[in-house]
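I'd like to ask some things about the structure below.
Per-chain residue numbering starts at 1, and chain names A, B and C are given in the order in which the chains are listed.
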Amino acid sequence: MGRIQLKSVTKSFGDIQVIPPLDLTIEDGEFTVFVGPSGCGKSTLLRLIAGLEDITTGTIEIDGNDATNLVPAKRGLAMVFQSYALYPHMSVRKNIAFPLKMAKMDPAEIDKRIEAAASVLNLTAYLDRRPGQLSGGQRQRVAIGRAIVREPAAFLFDEPLSNLDAALRVGMRLEISELHKRLATTMIYVTHDQVEAMTMADKIVVLQAGVIEQVGSPLELYQRPRNTFVAGFIGSPKMNLISGAEAQKHDAATIGIRPEHIDISESSGAWKGKIGVSEHLGSDTFFHVQCDVTDEPLTVRATGEVSFKYGSEVYLTPRPEHLHRFNEQGLRIE
Amino acid sequence: MATKASRSAARLMMAPAVILLLGWMLVPLIMTLWFSFRTYLPLRGGDQGWTGFDNYVRFVSSSAFWPAVQTTLVIVLGVLVITVCLGILLAILLDQPMWGQGVVRILVIAPFFVMPTVSALVWKNMFMDPVNGLLAHLWRFFGADPISWLSDASLQSIIMIVSWQWLPFATLILLTAIQSLDSEQLEAAEMDGAPVLKRFAYIVLPHLSRAITIVILIQTIFLLAIFAEIFVTTGGAFGTRTLSYLIFQRVLESQNVGLGSAGGVYAIILANIVAIFLMRIVGKNLDN
Amino acid sequence: MARAVTPRRKLINTGLAWAIGLLIFFPILWTILTSFKTEAQAIASPPLFLGFDWTLENYGVVMERSNYARFLMNSIIIAGGSTVLGLIVAVPAAWSMAFVPSRRTKDILLWMLSTKMLPAVGVLYPIYLLFIQLGLLDSRAGLVIVMMLINLPIIVWMLYTYFREIPVEILEAARMDGATLKEEVLYILTPMAVPGIASTMLLNFILAWNEAFWTLNLTAVDAAPLTAFIASYSSPEGLFFAKLSAASTMAIAPILILGWFSQKQLVRGLTFGAVK
């Protein structure tokens, strides 16, 4: 079981409040991702849940029990660190066994659990190696192995993939998602990468400057961003945001349209513009188009391989059903 | 950044070291202060009551005081200058590619292992003895009159002995620092047309500044306290009486604890002046 | 700075470095050589370098004259005991400073170092009196305590610099894994810091071994270590070069051998952990 509830939690370092009062509930078995730009307080929030930092005011409950003043060891949570934080002087086996030894578990049971975790994570052949002899991906798996043997109430991941190269990252992303499906344990995952957030999460928590901007499923965030920040942060490439006269036509301070929701044509359309840089990915083509309606170039996606000459004139038409409208405060207008 | 629990644990874990050192500092310090205001002659009547600042006045007005302060400073500064300068040269040499670098390094650091009493005795007798010493032989070989090192050039001799003991330390620290210098920096400077001496002055030396600070700090701590070298070689004669040694003589040889304690207070003040000065520099360097 | 140089340049470097190295090492070499000469050969003019009759007679005389084994034992106990004791006190303190730093950490560290600047003579008599009161004069226990105290700031400082190289995340991982503070320090921090701790121990062992103010002034017979053993060879016996050399060699040999066998840690330790 792992239902985690934060009630009006705040955190200050000295006089600086990094997290203003914050409420959040993470349901049992949910895969929750904290996402936001660096310095948004997502890692701090995770460390507050872990107990590695004290909260300044408020309470944290784990499964309905007050855990606010519990030391990390007593919270029943396991954490995977960005640097993996493996014990360099211990073999893989001893690394994985460490939390069980600390819990004074029966040695036979420890061995059984290590074998089980190692076979799940493909580590059986490496059990007697030191962390220094392993590749980045293998170290990552050891760190996960050390977390799962404890059968914790919840897993905490602090940017676990940021030290891996791009190809490995995609693979590990899948592995962690699979692990979650199989264990069905609560997982809290911190990342600055919105692609990781979108692909893995049941629930995304978007943070900025310690404040929760929006909480919801990946599709909710994609389809109905609550404000311009979330609109700009979720989705790749970023949503085009246009303010000024064009927005006022739609009774909004700012309008937003995703690159994949704009049609491009050589003959006619709503906005006239000039083709800038084109990015050809094969499956899609992205155009950066300088339009009259805004100073920033707009990003447009065309499916498949499409070609326009640099500098040629085109017309863009946003699909009205996908137009997002925001008021002066940046909040969504329904 | 940590939790309240770990902060209070930290205080608890720091306590033994802090309390021990505080006791080690305060108890004798207070006793020394107490004695310094009393006439205290252990072998001639013991504690004979208050004398106010008499001991302080007598200690400073003694003809031995200022020379002792001067001797102390000359020895400390002399050894610092010699070890730092030679240490830099030696470190640069040892950093060059050569055969048997490891063995040379062992040879160079060996004097650090030699206890001060041994090195003082060996230098005094086997090298500096005006009749049978090796240096006397060397002088005679070149047709010169042997020097009575420890009486005619006593201060220089002591500086030399102590420098020999501390050169390994300075060399090693500076060598480690030079080895950590990014060679690309030097190559970039070479590309920019900086000649060898300029490269040394603008790149190597600034890079070494932190290491030099450490050498000066740690050596000063030990040099202010040198004792055995003087005790064994000259016994404080021939102008080699440092402030420390003067106090030692007042306390142990003339058995005047009150006077010696007043001297101790002066020595503590001197050490503190040096300490504050040094700590300022080191404190700045401690962060990076 | 290492890069390809001409063989000639390398040859010059080698020659120069070896010459200087041997010059610096020479007093030690000379002492060791002289210890194997007879007294007459030791003061022969011109001096004999290798062409003499090797003899062990001086060592026999020195052993006979004084109880070398007891001095050696005292040195080992005082240097070893104070180092171990110092480590027990310093490891927790250095842990606090390195991993739970506060605004005052730096000040405390500097204050600790500054206690080393207190001139020993300034407090000699009070310590002497305290030792008499506590019955510690000329006792190994008393010397162990004093050596521990005078080296404690250095031990704390060195451990602090080594500990700071250990990523705090690893300790936090241990905390998450359910380790208590004691287990964290014992099973994670200490094993990870072994090279640093070894260097620290080695350097402090040497410093304590060579310390010659307190050992000369607070011991007489029972607890006198090798520094006192050798001090007894100051004049007039100092004029007997061969015996002096034998005694000197016996006093420094244990440390020289220890130093050579643990060169790597020692080089690290000699920098007081202050330079990487």
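Keep in mind that, in the parts below, a contact is a pair of C-beta atoms (placed from the backbone, for glycine too) under 8 Å apart; a residue touches a chain by one contact, two chains touch by 3 or more.
These numbers were taken from a predicted model, which means no experiment stands behind them.
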Revision key, fill the gap. Per-chain C-alpha mean nearest global C-alpha mean belongs to chain C
Exercise for review: Work out the mean Cα position per chain and let me know which chain is farthest from subunit C.
Suggested key: A
Study note, to complete from the structure: Busiest interface, counting C-beta pairs, is B-C
Practice item. Using mean C-alpha positions as chain centres, tell me how far subunit B is from subunit C in Å, no decimals. Key: 16
**Study point:** Distance between chain centroids, defined by C-alpha means - subunit A, subunit B (Å)
**Key:** 58
Exercise for review: Could you put a whole-Å number on the gap between the CA centroids of subunit A and subunit C?
Suggested key: 54
Check your understanding: Can you list the residues of subunit A that touch 2 or more other chains?
Key -> 52, 71
Point to revise | Residues within subunit B bordering two or more other chains | key: 2
**Study point:** List of subunit B residues in touch with subunit C within their complex
**Key:** 2, 6-7, 9-11, 13-14, 16-18, 20-21, 24-25, 27-29, 31-32, 35, 90, 93-119, 121-127, 129, 132, 134, 137, 141, 164, 167-169, 172-173, 176-181, 183, 186, 210-211, 214, 217-218, 220-221, 224-225, 227-228, 231-232, 243-245, 247-248, 251-252, 257, 260-261, 263-265, 267-268, 270-272, 274-275, 279, 282-283, 286-287
Check your understanding: Taking the complex as given, what residues does subunit C use to touch subunit B?
Key -> 1-3, 5, 9-10, 13-14, 16-18, 20-22, 24-25, 27-28, 30-31, 34, 43, 45-47, 89-90, 92-93, 95-97, 99-100, 102, 106, 108-110, 112-127, 129-130, 149, 152-153, 156, 181, 206, 209-210, 212-213, 216-217, 226-227, 230-231, 233-234, 238-239, 241, 244-245, 248, 251-252, 255-256, 259-260, 263, 266-267, 270-272, 274-276
Review point. Which part of subunit B faces subunit A closely enough to touch in the complex?
Key: 1-5
Revision key, fill the gap. The answer for subunit C against subunit A in the complex is residues 167, 169-170, 172-180, 183, 187-188, 191-192, 194
Exercise for review: Using the touch rule from the top, collect the residues of subunit A that touch subunit B in their complex.
Suggested key: 13, 51-54, 71
